[in-house]
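When the chains are written out, they are named A, B, C and D in that same order, and each has its own residue count from 1.
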Amino acid sequence: MSTFAEYAISAMLIIGGVFTLIGAIGLARLPDFYTRLHGPTKATTVGVGAIVISSVIYFSTLGRGIGIEEILITAFLFMTAPISANFLAKAAMHLEVRTSEKTRGQTWDQ
Amino acid sequence: MKSNTVILHTAALAIMPLQLMFSVFLLLRGHDEPGGGFIGGLVAASAFVLYAFAFGAEATRKLLRVHPKDLLAAGLLFGLASTIPALLSGQAMLTAHWWELPLPGDSYLKLSTVLVFDIGVYLAVLGTLMTFVIGLMEVEG
Amino acid sequence: MLDRLRFPHPWLSLTLFVMWQFLSDGISGGSIVLGLILAWIIPLMTQGFWPDPPTLLKAWKTPAYLLRVLWDIVVASVDVARLILSPREPRPMFICYTLELKDPLAISILASTISLTPGTVSADVSDDNTLLLIHALDAEDEQEVIDTIRNRYEKPLLEMFQ
Amino acid sequence: MMLTALYITIAMVTLAALLNVYRLIKGPDAPDRILALDTLYINAIALIILLGITLKTRMYLESALLIAVMGFVGTVAMAKYLKRGSVIE
């Protein structure tokens, strides 16, 4: 394996790990449900995306070709993350989950 | 229809074909690699369940075209059929038999009693789960 | 029987067929036969439920849009990461956004885009598909967020779906 | 060097999973718990891919895809249950 590929894989792995961790820190630390929703939808999805890219590079340098599975996983995560977030937000609005005092604007429930 | 489900409708329509294709993929590669009828049936059932979330019970029934119990029965029949070749050739029941169909492009379509049995499991799992789901829908009214 | 042998959604069929070739480890006679069967049956099963066929009038604009969204997703994650790690309290806000788009598919794409891009999650679409409720994680000014979304995402989508 | 990066990443994702478990236990509301579960399964996908790289095999990628498919349906089902009190109308 070339040195360049090794550096690229290592960098992607670390970036993925950092984003996943930050998403989880956001989930644990932010004040109310709606703000917590932001961590997993963005940071965690991008984190897994970076890890998948490193996996693609690794297996293609091993000469096993580019697998469709990795692409399917990424496409699936990027398609489903916003939809899950949307559904959880709807459920939270229905249950009238407490929002932090600093929140401006109104929710609605229908 | 129920209050806004625009996003779920689009999501179900975009994701369901992918799930169905993935389920067939899992079903077919089951003989020599991980996968198989059971997990393929589960993924297919999850596709139909997602569809039921988005469009309700009636539409799902229409999509399936046959009653889920018939799927279950068809699955069991496939399982039974996979035992017949072995019995006819006087071997122990469920002994695997293989046939290779030549196809253009120097490749073979591998058919086997294992595949028939796997299709049976696939249909049985799909039928069972859809019977559950449609049964629960009827209870809730 | 013969009149059923058609492809109601050619693009969906093509995507499924190509994807099947990749899944089955290289192109062979068997994978082409099975791919054709799947690309025929799956769209046929779901065709009755697609809303009026989405008319992507300017399909060649899609890659540019996708690239822009992809780039924004990366920027968005860095933004959110910085905010999560800084000790400052976020300033969340709910925003009502009036939609100009009419096509259900376009609305879904816009909502998903908003969820994946800087500091905003789309929380709900109103019953009549005219309003979008957005939760912004750290917003200075309501109008600013609305303008960004309108110019950056809704305009290109409006051009694509007419 | 790649191996070191791999181990550091595995440690970070595991830590992330532990933080998600903390949110899962603490709540305070049902949507928070579902959100934590949702993030937890995405972390599980990341861990499976990392395991595949460590063991130099692509065998596990299907299970990661499977978790992605099933996890999404599960999250939607739970969110729908909270909203309506029933999963399918």
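Structure notes:
Going forward, a residue touches a chain if its C-beta (ideal position, glycine included) is under 8 Å from a C-beta of that chain, and two chains touch if they have at least 3 such contacts.
In UniProt terms the chains read A = Na+/H+ antiporter subunit G; B = Multisubunit sodium/proton antiporter MrpB subunit; C = Multisubunit potassium/proton antiporter PhaE subunit; D = K+/H+ antiporter subunit F.
Computed from a predicted model, the values in this text were never measured in an experiment.
With chains reduced to the mean position of their C-alpha atoms, the one farthest from subunit A is B.
The geometric centre of subunit A is 31 Å away from that of subunit B, both derived from CA atoms. Subunit C has its Cα centroid 16 Å from the Cα centroid of subunit A. Centre-to-centre separation between subunit C and subunit D, using Cα means, comes to 23 Å. Centre-to-centre spacing of subunit A and subunit D amounts to 10 Å, using the average Cα coordinate of each chain. Residue positions of subunit B touching 2 or more other chains: 3-4, 7-8, 11, 15, 18, 22.
Looking at subunit C, residues 19, 23, 111-112, 124, 126-127 sit in touch with two or more other chains. Contact with two or more other chains is made by residues 18, 25, 37, 39, 45, 47, 67, 72, 76, 79-81, 83, 86-87, 90, 110 of subunit A.
Remark: the chains found to touch one another pair up as A-B, A-C, A-D, B-C, B-D. Listing the residues of subunit D that touch subunit A in their complex gives 1-2, 4-6, 8-13, 15-17, 19-20, 22-23, 29-32, 34-36, 38-39, 42-43, 45-46, 49-50, 52-53, 56, 58, 61-62, 64-65, 68-69, 72, 75-76, 79-80, 82-83. Every residue of subunit A that touches subunit C in the complex is listed here, in rising order: 18-19, 22, 25-26, 29-32, 34-35, 37-39, 41-43, 45-47, 67-68, 72, 78-79, 81-83, 85-86, 89-90, 93, 99-100, 102-108, 110.
On the subunit D side of its complex with subunit B, the touching residues are 59, 62-63, 65-66, 69-70, 72-73, 76-77, 80, 86-89. Interface residues of subunit B facing subunit C in the complex, by the touch rule stated above, are 3-4, 6-7, 9-11, 13, 16-18, 20-21, 24-25, 28, 55, 59, 62-63, 103-110.
Subunit C contributes residues 19, 22-23, 73-74, 76-77, 80-81, 84-85, 89-96, 111-116, 119, 121-124, 126-127, 133, 135, 137, 142 to its touches with subunit A in the complex.
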